[in-house]
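I have a structure I would like to understand better, so I am pasting it below and will then ask my questions one at a time.
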């Protein structure tokens, strides 16, 4: 029994960051920065628990969505090959990437012996196969080994995982919402890896007495009677699930007006950011937020609410300057641009 | 033959910390900090030796408790699958986690070959399987390798151990009382790991002559005639065992009044702790202590007696400041809050 | 569906560097220096996507070109052994060299057991076999291990990959366009490796608002409707493909006049470069550029346009002086020499 | 042929430390600190050579003593299972623990395959099995790897070696006299390991001319005619062997009067030692020394003679203060306490 | 098709160093120090390409020379065992020693299983077997691992490679011309290894415009039409080949007069060199140079021309003083000695 | 063909150190300290080449000497078991210990599988088996790994090599003359290892012109005609061989008078050496030197000639003080003592 997502006290940035990614996975994942004991993984798991089931091709090991009329199959499994195959509902889940993972376990392995002898490809699927259409969660992502980071970035960029050995190649879809957590005091991320997270948020424990008391009461209530507690939050949970489902449906129709694009580019140009990913992330995240809010187009509010998440980890820093140190500068630019 | 727990001279903090965990394993384990020669592992072993046997499903490799009427089985073994199966008494024991342990040995391994050929899952159980419903003791826990710490934390957080390889997954209950010992002079623990220990106590050898003499005499008597010595302490041992058993039974009925919750939160808010685990631990430990004392509700006394154990290892420290250095500050806050 | 090469905004140096290499692979590859998020790998992949198919011997595992009348076969495969064998069109593609690659995987392995028992050589081809007549792309090339660099340089220098074990030797063509990317902030390349890249370019994100807006709009349009977007750029793509094909055909006839050779040598002598590779690279790159521009001979313009690419990474630097720091000096020399 | 123990010139502390351990192995071993060329291992080997044979169960791989009437067997071998089995005399010997030893070699290994297939446990005994009832000698003990130290300490503390793998467990007695040598200039021991050695002595070469000459002459005589030399010392050797055997028999009857216990505790309390092992070691060593001296109870003399050995390695030191630096302080305390 | 040795512009020191070694392999190899892009390996390969074929015993895996009348066979292969066996011409070639080579691959391995079962020695030859009577080329020799250097030095010193395992021993001739290249900026060689190279030369790119232009023109001509270019240099190539062959024949008859020996020793004594290898190398190199110049005895000119090559890497240096720094001192000594 | 030992120019200390060890292997080996190119290994090999053959039991894999009447066999081979077995002459040879040697290769391995299945011990002999009654030469002994040093020291101390695995034990004689070379600039030896070399000498190249010229001429003569050169030194070689053989026979009868022992101890006491090995080594080396000089007893001259070799590497040094730095002090002590 999972602690209900809607019963989590505070942590609005974390919640918004996750919800925006769930509405548009193209936003590109979330980096959660914060100290110990702030229930990062609990939040993700409980959000996954709340989401409505997705439709998947029955028997497909990658849980592929049914293909639109006239399209080719998403993967090369026999189930997806059949255009009239059955579908099943599957829950989105949190696949956790352990720190010491091997390359083979991450991307999967091809059994060369088998391939050479029988002519059949036998592919032992890795974690990236499990991650397709799921959350991929990396706790303490800054402690991940470099070559694993590289493999992860490759798949994240392509939306596919391709394994090649001796002329035999296997490829499968690997679209996942990458969520990483890190304690900034325990080491930094390479700029290249930082940039791959669409959004980033800081989380911290509550320091006001009232909030702490509320957390404590809810936790005690849940520990004493998980099922009863969950029942008390059922309506809130259902309401959020419905709202997310609606937002997903509405998303393609939500537009971003020209002057909003102008303002977004004005912000990133003011900050002299190196690449262009921040621009695109801001557009997509603002649009997803607008969809969540039931609006027909993204506005200045959405950009303001999302800008910090998209920019905090991409600002140039002086040596030894911590991430987020430029918050004042950013606030000024947002104030100048979004009025 | 084990040196009797009740014959240990002094070391009240250590004894209380262990007993509170035994009454409510939800308190979350104990970190024992202290120097050499202070009989940390002896104390745990002798407490385990004293505890009454637990009821377990006969034949279950994880020693699961019989399931309550209407519940599903706790694990997937054939014995637990049978709702009318027999039960056996089993002693709680101390499973020791050696420093150089491998990941395979800790979490167990799935025999993939077997699974692919015969279709049967063959799981070679690891230390976490042995640890279920037992103490898991890690001596010099600050010397444990990081990836082992990570695996340990995952299981401790979930109460289950899940092993996945190539689409085959095995999961079993892994609820244990984690007890770690460390010599703070030999290195620190990551804050994230520190926070996972519900309570922490400091132990030190006695420095007064009278106490040392008493220890020496008891040890000499035990060495000369272990069985005879144990006989002399039989009544004290049985009394403590009964008292713990009673406390366990009473625990669900012990309450924590609103004003006690208020005070607990006032303490942690004053200390500006990062997370919220300390609040919950204090509530549970105070309640367990009340149960041990035969009280119907936890009071100011229990909070005062347990606060140091829950807070010492969670206070923010200045660089190079040792754990526990903020004891004065804590005393002041306790004095202000608990009067 | 690939983002069209011709729809990439800006990045003229990168585009020219790639095109010149595609017209004359003898130019010797391209090193792309720049920060995160500047779509280096996208550019290469989309150029490969645009290029017309090459003619290859059907069934040759190295995609050898058909051999000219009277020549021997390019490799020792059965298909190439047959002078009258069929041919097939194959697309040039981007073979990626992962950072953690093993020696065996790079150069391939000889199965000694098989060779000794059956007398047949069995060669398991490595990445260099796949790379023949393709791009070989190394992301973060400055993080590559030294022994892999050595193997790569050997093959690049010889145009062949030779594997020897216990008297058994296998050799195959390995002519590829080596493209490496690096972030100069994350470490340097050994001078010996730097020198092997024919050309080097710096890339950076656009900082003017107008350019950023254009990138953003094109990206959004592509994300919304990849096929429709591609259709809009079809004519531009085809035009570039035709122009490259024509340049390739014209290349052998394009000459480099004596006074151009004089000026090239004057430049490199002024810079006191250690080796002579820069001279040859400048001649070949200027000639390829002339061919792309439809000219019959390379002129002062071509040398000026290509000189920076050939010289930036080969200039002597003071300790701690960054690559490209001598740009002012180079400009002066070019001004003096090419007027 | 071994150089006779009684012919060793000087080194009284080393000799006493060894003899006391031989009389009561419960004293807990000996740490020998000293520089090169001081014949530490020779002394141990020659003492073992001199000792009378022990009685062991014939055929027991651990050389168990015959069990007292009514007791269970000491180990689970078939020979010990038979209460009426034959016995054989065995010599105590010196088992050497090499620095690079593996965990498997130290504790032994369980053959899991065999166990699963045939149901029989097959245990390949390790060095700890050989060490039972013998000396276990570790040269340069401060260079031993940490995880080996941990295993060694576990066995030393329990008097048994327990090996567990996948639910199969093997346990056998492992009571040995641990003797370690170290050159303090080559690194220190962890305090936890230091404390496990019951006694510690310093050895040094002789610096007076007369002593050196005596050593030289005896060595030359031995080298020239080992058998003849040994014959010359036969009576001294036999006398010492008899004296040790007598002391062993008398040991259980030797008492330690109350006032001696008082004084011992007064000493350790004055030194503010961390743990309580020193107290117990002093009692046992003083008693063993009394037995060796043919006395009915331990007295002030025995405590004085043994105190330095029990305390030198347990005193708190300032950073960079060498072991033994507090000798003056100790002398003063002994003078105050033992008069 | 190889670029002709005689068409290489400049690099006289490198050319002389190689030719002298080819005439008398007893000179002891060549260390080539220089920066990137100076065609070190090209020079060696093209010299090997030019040399006339050697006579070898047909079927001998080590390409042994036919044995002189009355001598025993050079190796233990069946072909060499037959005194009347046929001979074949073989080309000298360049065997390259890769940086990451294993010990087994370098010296070869004995198949112990086979030897024990069938009684036949099966030896899998290593790189040293291939190197016999060839060049052994080590690029970036200063990056070679120490244990490989040790094995290389052993073989170079003995002229044989001996492999022993468990009482089975295999030995074969391993006389090769060791050529190493290094970039002195990338680390130094151990003095012991430096000393093993008979001669050392520095190479650098040409800095005068005319030379660079010549190199560029020849390279362009070769790239455009390798076969035609080679034809243009055929006469020069043949002339050099003949001159080397003649010098080899004349070598045994060339003498080194007493006063030349006197002067050589005067030079090395002035420099206070540690060992005596420099003296012998100078004698042999001067003699080989005299043979190449068609002279009957070595003279002052030959010593002067060769002294720098033999002494540069053997002079004592101050800490941080670069190799060759003492060139002024050497010039003065040569001037004093050779007039 | 080996360069004759007697033709080596200079290097008297090295020669004396080797000869003394050959006459009495109990002297304990030789450490040769010196720089590159000083022919250390040549000297040892050529001395071994000169020595007369030893008598060994025919068929004994350890080349054991025939056992004296009434003694047991030296090893457990079948050949030695037969008291009337035949003998063969064997040459002493130089067994080289490579730096990267494994433990298994050094001490040999027991085939446990074989032992368990067939009951026969199968021992694969290691280098220590080959070393028995031979030289064991370690080039660059200061670069040897610590655990190999430990094994080497164990065997050297015991004169036997004992291998134990799982209760199966093999032991064989391993008496060898340990000769190590080291370049003191490349790292030091642990004091414990230093002390195990009986003697130590410094070698250096000759710096006087005349000596260098002599070396050069002899080397040239040897290179030109090895057999002829050797013939010219045959008489000198035979004379030395005879003198060594005679000295070996005379050794047991050579005495060391009391006053010489007194003086030796006076020297080592003055130097405050830690252990007593120096005393014994000086006695044995002086006696062996006396035997070589045809004297009936060792005198002051022999002690003076050998003292430096026995003491240089055993003197206490200040931090950063080089070995041999105390030479002046030693000279003074020798002058005071030996007059």
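Labels A, B, C, D, E and F are assigned to the chains in the order they are written; within every chain, residues are numbered from 1.
Quick note on the criterion: a contact is a pair of C-beta atoms (placed from the backbone, for glycine too) under 8 Å apart; a residue touches a chain by one contact, two chains touch by 3 or more.
None of the values given here were measured: they were computed from a predicted structure.
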{"item": "Interface residue identity across copies chain E, chain F - same or different by half", "value": "different"}
{"item": "Identity of the chain that, by mean CA position, is farthest from chain D", "value": "C"}
{"item": "Between chain B and chain C, centroid-to-centroid distance (C-alpha), Å", "value": "61"}
{"item": "Distance from the mean Cα position of chain F to that of chain D, given in whole angstrom", "value": "35"}
{"item": "Per-residue multi-chain contacts in chain F, two or more chains", "value": "none"}
{"item": "Graph class of chain-chain contacts, one of line, ring, star, complete, other", "value": "ring"}
{"item": "Cyclic ordering of chains (reference chain E, direction chain F)", "value": "E, F, D, B, A, C"}
{"item": "Chain C contact footprint on chain A (complex, rising order)", "value": "26, 103, 112, 146-147, 150-151, 154, 157, 164-167, 190-192, 194-195, 256, 261-262, 264-266, 268-269, 272-280, 283"}
{"item": "Interface residues, chain F side, partner chain E - complex", "value": "35-39, 41, 61, 96, 98-100, 105, 124-125, 130, 139-140, 143, 183, 186, 204-209, 212-213, 215-217, 219-220, 223"}
